[in-house]
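Okay, so subunit A shows up in both of these, paired with subunit B first and subunit C after.
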Partner chain A sequence: MQPAPAMPKSWRVDNKPHKFCPGCGHGLILKCLGQAIDELEIQSRVVYGCDIGCSLLSWDLFNLDTVQTHHGRTTPVMTGMKRARPELLCIAYMGDGGGYSIGVQHLVGAAMRNEKITVIVANNTQYAMTGGQMAPTTLPGQKTETCPYGRDPGATGLPFQGAEMISAIAPDGAYVARGSISHLTQLTGFLKKALKNQIDGHGFSLVEALSACPTNWRTDAARTWEFIEKDMAGYFKRGEIKIPGQKEATANA
Partner chain B sequence: MSEELVIEEKRVFMTGNEVVAWAALAAGADIMYGYPITPQNEIMHYWSRLAPRYGKDFLQTEDELSAGFATAGGVMAGRKAFTATAGSGSVLMQEPLAMAEMMRLPTVTVVQQRGGPSTATVIYSQQEVTLTTMGGNGEGMRVVYSTAGHQDLYDYTIKAFNLAWKYRFPTFVLGDGYQAKMREPLTIYDPEKRGITLLEPDPYVGREGEPGRDRPPAQYRNTYNLEEELYEKLMSDIRDFEKISTEIAEYESMHTEEAELVIVAHGIVFRAVREAVGNLREQGLRVGGFRPVTLRPLPAPQIRDLVDGLKKILVVESAYGQIARLLKEAAYGAACEIHTLFKPGVGIAAGEIEDRVKEILK
Partner chain C sequence: MTLDFNGRTLELEKAFWTLFPGLCKGCGLCVEKCPVDCIDWSDVLGVYGTPSVEADNRCIACGICQNVCPDCAIRIDKRKKLIN
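Take a look at the complex of A and B:
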């Protein structure tokens, strides 16, 4: 008999395995999030929001009250909820398309106002659910369905530094960090600190999580790992970028 | 410390936007999310001045998408939340309000129509009828009250909150720039003192207890995997909507029996119709007036009755046939002639209507 995989207590067990593709990073990020929620013992206070794209597959993943919407509008839904019921702990989970492209104005607005919510952006360098198109986070030269010859920075820009941008515009009290599914303990720690920041009422929190999409990357396990650890790491530095009460930290822990 | 809200019944002289802010207070609204666009701005201005006094909240968001989605979040958290918009803001508002339709959220949205399409004028129109009744990528599962003045704005804003929380369909109060900006007298009152019970909001999320242990998690989605799964959900909403349609549809009619011609209009244009009908009848012309108050659902049986016994109707609106399209659908197959007076984006006075009626009856 195989041992049952250890699932966070805040996960629903009745509908597992989850709906993500094999090798997808979402399951790992959401496991870290589940662990963070468990360790902080906040399951009865959390409302979890997920977005359109692959993140929506988590609409029934947790034993948490959940709302699913789209286009990065999970951020204003959670903002509206938090403003209406400040005792709730509101988490907005989305991909880099929702967070950094179509819904980026909401991320900017929420960060500027230091909304006491936690946003988690899964960065897998492309739009996955729709079939692998170029995103703001696509690496130079990376091939996607809408840049089949590789992203040309001269024509379509450089990978979007979302966490750094939010860190630059958010007032003191905000917490910003970038973790990765290649360093799960660190990622869980960042998520815990982001949630703690909301619990303590300091302000906004954003955790970007570097994620993997072997389906659209068309990579095997070894190349997937290498893409996260080498290719993505070259543009997206892991670490805490903004911590309440401290000057902007230098990224890369 | 916040004061207790006491609204003594009294005559006041206010702009329509101020009326809406007071009506929202009277209805027990907790929080408004808004974004500036003329001509609804003063709803936010008055609300943001009044709200803190009574322990209520306001948030100016980064755009109308955010205002609409935050309103959705607010109602899901179990608070009476509302927003107000107009014109191109109304266009953006369709995305969150489509979500409100899908999730059966009791959002209240006040729309003060301005000229369209696009930026157009900040002044007035009746061009947001199609958008407000049928906007979004859905089936228009929404309730829309079209007001004809300040007493209506007060009464129907209060009613909108109650109806939204009772039936859980997104509800709209459709005004216009004239109503928003002009002052006129009306009576404000505490609805409970008039025997109107204000419904208590009920949270969708964040109830007592730990999900999975003390209760099942409350999980709301907009996404469906299968055609049949979506079809089942939609048909259930459509059946609910159709069931309440007769009950909630409202209209006003004047002298429609034995009329040779009935002038049909909604909103503020009906005030010119009232005047025109009076003047024409004094001149011996057999003319009546009919006003749908709910544009969604339309008072379809009454429209049916009207057109079945009638030779001519004249549809008058400050748009190019938006209410006329809805009427024609309700009147389909009737033998009566449908005449029109369409002035998109422009106000309509009684004299023009009288001239048009005389031309038709010549």
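Take a look at the complex of A and C:
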């Protein structure tokens, strides 16, 4: 018998391959999310919202009810959906451009109100869909289209630590973690815990996932892994930053 | 609806190593992550006309390439499992 591709059950099969570039980190994060949804058996209850940017290319990736909005407004749209239909499980998926720069006010507002939704932010240190411009998460010295000599922290500040900020302002009951596509089992575990936090009704959950963009980083496969595992891991520490019922933990690499 | 992706199964010593050229975009992430360096570029072209990948008999059936493939283009079935 012809073997079938080992895709998560919650993925749509008929429109694969998906629309992301070769080597894109979104594929890996969404594979982990698909596995988390499969393991929790919640496919029929999930509403999936994607944002503008490369994350919108996932609008038909899942076999889930999906809505697409712009500029970080996925968070308030999912908040509204959760308030209207509390039995649904709402996942807002966005990149660091939507989540941490133009749409950060929505993320902050939802975290302060402790809305019972799950937000997943894919951090690839730049605005990927528009051609790789400098974002708040760009690493010092990293070259992008709009900082061709490398980011200067004196003029443009240090990389934005979104997960740490959300864990500092979110009330008790929130779950905040940062995973990476270099550690997929750990990332799947974080996504499962974040969804479980929403199922149990504790409150807001945020998972930041360090992602890759070989197209705009202009890296080959070896340098892509090196950038995620060495350069990015130096600034963005993996680990659970806030767990419901526990004091704020520090991320450990 | 299910599509037939026409996998290309290599019958290796420890595993049946299947690659779906209709899904492989040729990113090379699996080539770098293989712990025994057994994956290399193949003459079979992937979905974007770039070379796809293939493994050889050094494969230890660890499944890392299946996990790190963003497009789910690789599938590994360990030989032991199939016998049982």
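Here is the rule we use: the second predicted complex is superposed on the first by the 248 of 253 C-alpha atoms of A that agree within 3 Å, B and C clash if a C-alpha of one lies under 4 Å from a C-alpha of the other, contacts with A are read in each partner's own complex, and residues count from 1 in each chain.
In this section, a contact is a pair of C-beta atoms (placed from the backbone, for glycine too) under 8 Å apart; a residue touches a chain by one contact, two chains touch by 3 or more.
The model shown is predicted, which means the values in this text are computed figures rather than measured ones.
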item: Touching partner for A:Trp225 - first (subunit B), second (subunit C), both, neither; value: second
item: Larger contact residue set on subunit A - subunit B or subunit C; value: B
item: Partner chain(s) touched by A:Val104 [first = subunit B, second = subunit C, both, neither]; value: neither
item: Touched partner set for A:Lys16, first subunit B, second subunit C, both or neither; value: second
item: Which superposed partner A:Val121 touches (first subunit B, second subunit C, both, neither); value: neither
item: Touched partner set for A:Ser44, first subunit B, second subunit C, both or neither; value: first
item: Residue ranges of subunit A in contact with subunit B within the complex; value: 10, 12, 43-45, 47, 52, 56, 59-60, 62-71, 73, 75-85, 88, 105-106, 108-109
item: Residue ranges of subunit B touching subunit A (in the complex, touch as defined); value: 30-31, 33, 57, 59, 61-63, 65-67, 69-74, 76-79, 81, 95-96, 99, 103, 203-207, 209-214, 217-223
item: Of all residues in subunit C, those that touch subunit A in their complex; value: 1-7, 9, 16, 18, 20, 22-23, 25-29, 31-33, 47-48, 50, 66-68, 70-75, 77
item: In the complex, subunit A residues that touch subunit C; value: 2-7, 11, 13-14, 16-18, 20-28, 31, 184, 214, 220-222, 224-225
